[in-house]
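First subunit A sits with subunit B, and in the next complex the same chain sits with subunit C.
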Partner chain A sequence: MNEDVVRLLSPEGERIEHEDYPLEADHDQLRAMYRDIVLARRTDVESTALQRTGELGLWCPVLGQEGVQVGAAHAMRSHDYGFTTYREVGMFQVRGVDPVELLHLYRGISHASWDPREVGLGIFTIVIGSHALHSVGYAMGIQRDGADDAVLSCFGDGATSTGDVHEAMVFASVFSAPVVFLVQNNQWAISVPVTRQARAPLSVRAAGYGMPSVRIDGNDVLAGLAVTRAALDRAREGGGPTFIEAVTYRRGPHTTSDDPTRYRDDGEVEHWASLDPLDRLRRYLEAEGAIDEEFTARVAAEAEGLGERLRAAIRGMEDPEPLGMFDHVYVEPHRQVQADRAAMQDYLASLELR
Partner chain B sequence: MTQMTMVQALNAGLRRAMENDPKVLLMGEDIGPLGGVFRVTDGLHKDFGDLRVIDSPLAESGIVGTAVGLAMRGYRPVLEIQFDGFVYPAFDQIVTMVAKHHYRSGGITRMPMVIRIPYGGGIGAVEHHSESPEAYFAHTPGLRVLTPADAAEAYVTIQQAIASDDPVIYLEPKRRYWDRAEVDEVSAISGSPWTSRVLRRGSDVTLVGYGPMVRTCLEAADAAAEDGVSCSVIDLRSLSPLDVEPVADDVRRTGRCVVVHEAPVVLGVAAEVSAQVTEQCFFHLEAPVQRVGGAFLPYPPNRYEKHYLPDVDRVLDGIDRSLAT
Partner chain C sequence: MSTQEFALPDVGEGLTEAEIVRWRVTVGDEVSVNQAIVDIETAKAVVELPSPFAGTVSGLLVSEGTVVPVGTPILAVEVRDREPVLIGYGVAHEGTRRRRLRTAGPAPAEAPAVTGGPRAKPPVRALARTLGIDLATVTPTGPHGDITREDLQRMSTTRDTPGSSSTVSIAQSATSGVPAIRLGEVIPVRGVRRAMAEAMVRSMEQAPHVTEWVDVDVSRTVELVERLRGRADFEGVRVTPLTIVAAAIVRSLRRTPIVNATWHDLPDGSAEIEVHRHVNLGIAVASPRGLVVPHVPGVDRMSLRQLAEAITEVTERARAGTLVPADSVGGTITLTNVGVFGVDGGTPILNPGEAAILAMGRILDRAWVVNGGLAVRPVMELTLSFDHRIVDGAAGSTFLADVAAFLHDPVD
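Here is the complex of A and B:
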């Protein structure tokens, strides 16, 4: 990994002081972050297994990227709002999205399932880059409310090539919107390396929009916490947007349908495994005396319980009632939807008579 | 009652909606101090300020995409797309995000947004300024599509569109922007905009149009009357949902139907109206439903407009084809 990144925790788990990002995280918060990574990882492993046994249509693994995700989500206040992609399992965990609800999408029974107002995270869209604009609009709404909330907008390195991300940067900067762009540069957009998206570090782009940027070690949960917190605070105080590039790596396949052996070496994956975000946090916490065997065993047991709960909820889950697909196309009744629903109802009734 | 152009009526309707609801805000290119290229937002920036009348960067996807976020935060954005031909950069946000969001969210998050688009030809404009993209939007579940035919309609329906909790594509027939009508600014807004309007009852042929073609249909009905042919005239007004029932009711009496629009006829709104009328009135029809509209070509250079656009004679020709069967 390039060394020009903000890093507060070395791969060996040693604390590094950074003059721009002093961090005081108490042991409770550090333990909470450890637990969140472990549980997010469990959701990840369990979901892949459920896909492999045919219970889910698809899953998007997160392994390797949980550090910045959990750190950044811990930087958010409860009233802050986040927009993510499909891959932010660490953030879903921190913000309290029930993983069972998350899996409804991959089970194919709903397009999204949680209530954004409860967790302060918008439902994600699979369309790459689109939500960067939604983030900025939401932040413009915060400005108009006169509130001191801020928005965290997450997307991948591939997304930075889309027009919508460019337009989002323009709107955010000219309106000084309280939004932080957090790019997880995981080196790959499916099979396409980041060098096909940009010839210079992604963070360099921010300067063209008149926006400060920071490159951080994306496998360092403390850097994710400290840098995102500073950027969110700057945004909420009227300082405008910040662009954070978190340098990290997607160690698993893009999705359960992907075959990464076709485009990358095992050596690369092994190298990044040695930079694992959970390992380094654990080493640090052990050295600090913030966790002990009893704590790690308790978290491991909790993860076991989560796995069991997911399996029990998803396996053999009933398909929804057919007429449910007509719900919520519109808020107010729409003649065409009503007509099509009635026709489907009649057709289904006719099948029962046959 | 006040005499107003459609531009003035839209301006008055926007102003009233903004006065009634502090969550209503406007965004678009050049809509601030300039008042929009057609002056529909004239004076609103001065009276409501920067936070509610937003001159946006020149980026249509950005306008619609940020409006999605504003709607999520509880605002009711009313957007201006400068011309029909420039809505396509925002097409993805409209079709993929705005239209589907309430559905995708399981009914939790609403998208109360109005996207105003001046549309249609007849003003001698350069290319990309005369298009009729309504079928794309009417074909998209989740959107509502409205188009006013005159100033009185514009004043009322723009307010109803803003009050709708569903997203509305609001198509303004720019060639009728300067037509005047009596506008009632005093009475409370009532009735549903999602219905067709029967403007005239005749006995021989049912003429169906919307937006810019309503006036053309009325003029054609006058001309036909001189030849002893009595026409009904129906303004569809709402293209999603379509309200074909009043058309079908009328066709059951007349037995003949002519549907008119500027957009290419093939796979257009008239095709759907024709199919539904045929399904509902098959045994009452004396002739196939006739369609009058644009040919299957990009909007031509404006010196061809007089041949491309349906006018009174083209509508009369459609009536003749119907009567000939």
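Here is the complex of A and C:
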């Protein structure tokens, strides 16, 4: 990994001081972050297994990227709002969304079952880059409300090549919107390497929008925490947007439908495994005396329980009512949607299905 | 106790079937939830499936090497009673008849026990199949006695040396690109072979083929290849007669762009011909997995050197089996080199969606009349098939004659 990244925790788990990002995280918060990474990872492993046994149509593995996700989510205040792709399992873990709910979309039951307003995280966005615009729109709304909340907008390296992200950056910068763009540069957009998205580090692009940028070690949960927190605070104080490029790696397939051995080397994956975010946090916490075997065993048992709970919950999930799909299209009744709904109702009746 | 069956899931968004590559458990084994039980290969990937049940394996319902449709029960597990039943997988009682398998194969009960068999990761197994190596004949050097990629590579290099290894079948040693076939073997049609078969049938059904041919004295092309190989700016670039034929195609399409086109049937019953703006040149490659036609996009904007490099790159990937799906869709015209197999020509079948395919034959010294006298010249036969809905005889012939003229007198 390039050395020009902000890093507060070395791969060996040694604490590195950085003058721009002093960080005093107490042991409770560090332990909470450790637990969040372990549980997010467990959700990931179990969901992948559920897909492989036919219970989910798809799953988007997160292995390797949990560090920055958990760190950044811990940097958010309760009223801050995040917009994510389909891969931010770590952030949902931190924000308290029951992992069972993450499965609804991938089982084809509903687009999302959590209340975004309550959780402060929008629904999974599959359309690459579109939510960058939603983020900026939301942030401009915060400005107009005169609130001191900030928005965290998460997307991948591939998304930076979309027009939507460009437009979002232009508006964010020109209106000084309170938004932080957090790009998880996981080196790959499906089978396209990041070298096909940019000739220079992605973070360099921010300068063209007149926006400060920081490149961080995305496998370092502490850098994720400190740098995101500073950027969110700057945003809420009227300082405008920041662009964070978190350099990390997707160690699993793009989705359960993908076979990464067709486009990349095992060696690359092994290299990044040696930079694992959980390993380095555990080493640090052990050296600090912040965790002991009893604690790690307890978290491991909790993760085991979570796996069982996910399996049991999938069995209990009921297929949705076909007419339910018309329910949340518009806030208020809409003529066309009502007509479509009636037509569907007739159709179903004609099949004598209901 | 009750028996639960695990039905082959769709692991890749709309797949209809998969091949059982390797069982990781055998009858009588205790399995736990999420324990890896089997490797399967779909059109998209080789993946490992975990067990949804805990219990004792009572049956492997499909033998290795068999392709089965999604939904086919593949594994039976004896679970303790009141074990929760997964949605979508009904409880089958002992003695339930198994669904008949679509593809013939040895009865599952006779399948050799897997536990003692050779160990290798799925991509390595896939490579072994590609190289036609029986894993049982490989000495493993990896951790836990695993066979590694290097083990296979070592084996395939020694094998390529004539007379070295006894595992080479006669059929295989004959010509590179022709996979080994055992006498009496019944070959399941799947993967690349199935894709090839479907494309060829579609093409023959839809496009009225016309085939024309011409012989050409390629002395100057051969000289040009030699000259380019010696040139400093072509150092490290692989230049072959195929490179020059590719260049000839690009050049000749300028006069007859209709040869680089696609026929579209529209839903209302009418049709359109799309004349392509750029030339994406498909190269037919006999890969170890079968015929593949990856393409080099935008050859009309390339220098000769770029063209040579791009063709080398894509054919090497084709032979190594590392093409990505995008390589194989979007070609606009195809070049196939049948000369490497020692023949002159044939009646090439169009790649579906394309208007023309050119086959280049071997280069052979022949008696050739030059200025009224006999001379010995290297001669190549060119065969062009075109879709007569799109290309009429005049355009097709002009194009073929232009390619021949260029090879007779190439300008670099």
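Note that the second predicted complex is superposed on the first by the 326 of 354 C-alpha atoms of A that agree within 3 Å, B and C clash if a C-alpha of one lies under 4 Å from a C-alpha of the other, contacts with A are read in each partner's own complex, and residues count from 1 in each chain.
Following the convention adopted for this analysis, a residue touches a chain if its C-beta (ideal position, glycine included) is under 8 Å from a C-beta of that chain, and two chains touch if they have at least 3 such contacts.
If you're wondering where the values come from, they're calculated on a predicted model, not measured in any experiment.
Colleague: Just from the overlay, do subunit B and subunit C fit on subunit A, or is there a clash?
Modeller: Taken together on subunit A, subunit C would fit alongside subunit B, as the superposition shows.
Colleague: After superposing on the shared chain, does subunit C or subunit B touch more subunit A residues?
Modeller: Looking at subunit B versus subunit C, the one contacting more residues of subunit A is B.
Colleague: Once both structures are overlaid, what angle do subunit B and subunit C make about subunit A, taking C-alpha centres and a multiple of 10 degrees?
Modeller: 90
Colleague: What is the contact status of A:191 with respect to subunit B (first) and subunit C (second): first, second, both, or neither?
Modeller: After superposing on A, A:191 lies in contact with subunit C but is clear of subunit B.
Colleague: Looking at A:57, would you say it contacts subunit B, subunit C, both, or neither? Reply first, second, both or neither.
Modeller: Only subunit C is touched by A:57; subunit B is not.
Colleague: According to the stated criteria, A:207 is in contact with first (subunit B), second (subunit C), both, or neither; which is it?
Modeller: neither
Colleague: Is A:257 touching the first partner subunit B, the second partner subunit C, both, or neither of them?
Modeller: In the superposition, A:257 touches subunit C alone.
Colleague: Check whether A:174 is in contact with subunit B, with subunit C, with both or with neither, and answer first, second, both or neither.
Modeller: In the superposition, A:174 touches subunit B alone.
Colleague: Look across subunit B and subunit C in the superposition and give the shortest C-alpha distance you find, in Å.
Modeller: Minimum over all C-alpha pairs: 12 Å.
Colleague: Enumerate the residues of subunit A that count as touching subunit B in its complex and touching subunit C in the other.
Modeller: none
Colleague: Please give the residue numbers of subunit A that touch subunit C in the complex, ascending.
Modeller: Within the complex, subunit A touches subunit C at residues 45-46, 49, 51-55, 57-58, 191, 253, 256-259, 261-263, 307, 311-312, 314-315, 317.
Colleague: Would you tell me which residues of subunit A are touching subunit B in their complex?
Modeller: Where subunit A meets subunit B, its residues are 110-113, 115-117, 122-123, 125, 127, 130, 132-145, 163-164, 167-168, 170-171, 174, 327-332, 334-337.
Colleague: Report the residues of subunit C in contact with subunit A in the complex, numbered from low to high.
Modeller: 6-7, 9-13, 33-34, 44-52, 84-89, 123, 322, 324
Colleague: Quick check: in the complex, which residue numbers of subunit B touch subunit A?
Modeller: So the residues of subunit B touching subunit A come out as 25, 51, 56-57, 59, 61-62, 64-75, 89, 92-93, 96-97, 100, 102-110, 141-142, 144, 164-166, 194, 240-243.
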